[in-house]
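In the two complexes that follow, chain A is the common piece, with chain B as its partner first and chain C second.
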Partner chain A sequence: MVLLPAAKALIWQKWDDLYLVYQPSSAETHVFNETSALILASIERGPRPLASVREWTADRLGLSADDLVPEEFDLAVTRLEELGLLDRGDDTIAAE
Partner chain B sequence: MIVGDLDQQEFAEGLSGVGLCIQFGPFNLRIHSNLPTFTHVAYPLYAPYPLFPASQLIDFHIQITSPPGLRRWVRRQACFALDGHFPFAPYAVDHAFPALEWGINWCIATRAHHLLMLHAAGVERNGHAILFPASPGDGKSTLCTALIHSGWRLLSDEFGLVRPEDGMLLPLPRVIPLKNQSIEVIRQFRPQAVIGPEFLGTRKGTVAHVQPPLESIRRAQECARARWLIFPRWIADAPLSLTPIAKSQAFLLVATNAFNYEVLDQASFRLVAQLVRDCDCFTLIYSNLDEAISTLDQLAPNCQ
Partner chain C sequence: MKIIKTMDNKSETTVASPAQTTLTDQRRRRLVRGAAAFAPIVLTLRSGALAAASCTGATIVDIPTTGNFSAADSDVCAPEAVVCPGYPTSGPTKVLTQPTLKIQLTPTGTSEFTCNNPASGTPYTGKVAILSSVAASSLV
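Up next is the complex of A and B:
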């Protein structure tokens, strides 16, 4: 499985440990914690395998991939998907 | 030329004729009224405001007049209209002045989308402005009124108007509607404050309007840059506290408090983010005006 960016031209503002993200396609402003923001940032340049996103996010948080709580990661991915900020696709998309 | 250059009869005749063109900060209004209950109150309170020639662009054509048709003979009422349309139910004729002032607020809030409009009071001193975003009942108007009678310049009591081009605050120094206990609080605090008559039993309780100091009205075209975002809250008998808050929290408080955050699309996000980046952000809890003013005076460099 890969994660794909579903919204373009996001505008970011980081303060403290919170990220404010403006989504032009929906005119919505989101507030994310670091985990959600890193997941989103990891796919800004294009599709990325889920495992790679998990690994990259954990690394940026100073954790190993095993230490990143799966429930927290999965919840963040699901929430970002609900908000229209990412999509899930099969591995052939990443190969393309 | 200002309203006070007319005598009261000329003022009343101007209003009941084609209307008078009065400038409030960035907005040019043509006001029409045939109600003595309006003109008697408006004349002294509007006296320092500039008149402008009818040949200039007019932002809002508004009126506060008797009901149209036979109703004017049945009930003594005041009807607010914008461009000939009556958006609200009639008011008691004795409440014509507050009705027009609320009507002006409505015009601005629903039409002035070339500006980011925050629900906030604003004051300035030595080129530095404080914005007070707040909800109704938080003591914003009372604090703002006390400050402008203590050496600060009024930018606005109701609208923090942010110009998208450069993030500057545009002054809108209109009369300030004090409500209920706040009226007596200000009478006690500054007996010399110019306060209009009290309107009892309005839709917002008892209301009286404070005329801003003349200096604020004279400098109505002088923009200012926000330096502090302060979220005030009046709590009876509470000790004063001025507490820094996180920028992310300030952003959310300002954005959710804006009249037209959703309307301006990403410009709103950029403007609010810039505002928060440029400002020191605090919550202010107060119960005593002298204490609050003393604390806020210390923020502004060389403010004495």
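Up next is the complex of A and C:
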């Protein structure tokens, strides 16, 4: 899974437990929580497989990877990909 | 420093190291909110003028005459969705986030689905936009 240039240009504003995120490339504003923000943060320094992203995210939240429901996690990654923020390639949790 | 109020309204003050605080906070968050509270949230805000010009991800599928095609359980079809200018009219593309007809897919019993016309009950054929349930939620 790879972070795309549009994600590197995001403008972040913390708002309680959430983040207001402006995406200049689409002129859209998104609301992320800590979990979705960590998904992007996990691939900021380089590509990672999806399973590793899930484990890293869970670890940062003080959870085990099993606490992050694969379907929900997968859906969020799919949405982030639709927004043009990351490229998952053929990486899916089900395939791992 | 942490102030703990007990049931009998006595207050205790303790000093925790940063590491203890982090661990305690993490445990408390898990206990209070439950793991479900950590489900990732990705919402896109809409505003009047921008909404008309914003697009969301979709896949244009050319449904054969049988009406059957492959999709995910939670996908939605939008037969009247409009492809955003400059985007492909087949395969992965973007459609306008504007109000349009959204139809839950009907499983055929095999691994395929149909997109049934709600008025006639017959499956749509030809090019139809298929969206993930999350993307479809932006087509209010």
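Just so we're on the same page, the second predicted complex is superposed on the first by the 82 of 96 C-alpha atoms of A that agree within 3 Å, B and C clash if a C-alpha of one lies under 4 Å from a C-alpha of the other, contacts with A are read in each partner's own complex, and residues count from 1 in each chain.
One rule holds for everything that comes next: contacts are C-beta pairs under 8 Å (C-beta built on N, C-alpha and C of every residue); 3 or more make two chains touch, one makes a residue touch a chain.
For clarity, every value in this text was computed on a predicted model and none was experimentally measured.
With the C-alpha superposition on chain A as described, chain C and chain B fit side by side in the combined arrangement. In the superposed model, A:Ala27 lies in contact with both chain B and chain C. Counted by residues of chain A touched, the larger count belongs to C, out of chain B and chain C.
Contacts of A:Gln13 after superposition on the shared chain: chain B is touched, whereas chain C is not.
In the superposed model, A:Arg79 lies in contact with chain C only, and not with chain B.
Of note, the Cα-centre angle with chain A at its vertex and chain B and chain C at its ends comes out at 70 degrees, rounded to the nearest 10. Of the two partner chains, neither chain B nor chain C is touched by A:Ala51. Of the two partner chains placed around the shared chain by superposition, neither chain B nor chain C is touched by A:Met1. Superposed on chain A, the gap between chain B and chain C at their nearest CA atoms measures out to 5 angstrom in whole units.
Residue overlap on chain A between the chain B contacts of one complex and the chain C contacts of the other covers 18, 27, 29, 31. Interface residues of chain C facing chain A in the complex, by the touch rule stated above, are 22-23, 25-27, 29-30, 35-36, 38-45, 50, 54, 56-57, 74, 132-135. Only residues 18, 26-36, 39, 61-63, 67-69, 72-73, 75-76, 78-83 of chain A touch chain C when the two sit together in their complex.
By the touch criterion given at the top, residues 11, 13, 15-16, 18, 20, 22, 24, 27, 29, 31 of chain A touch chain B in their complex. Touching chain A in their complex are the following residues of chain B: 246-248, 251-252, 255, 262, 265-266, 269-270, 273, 276.
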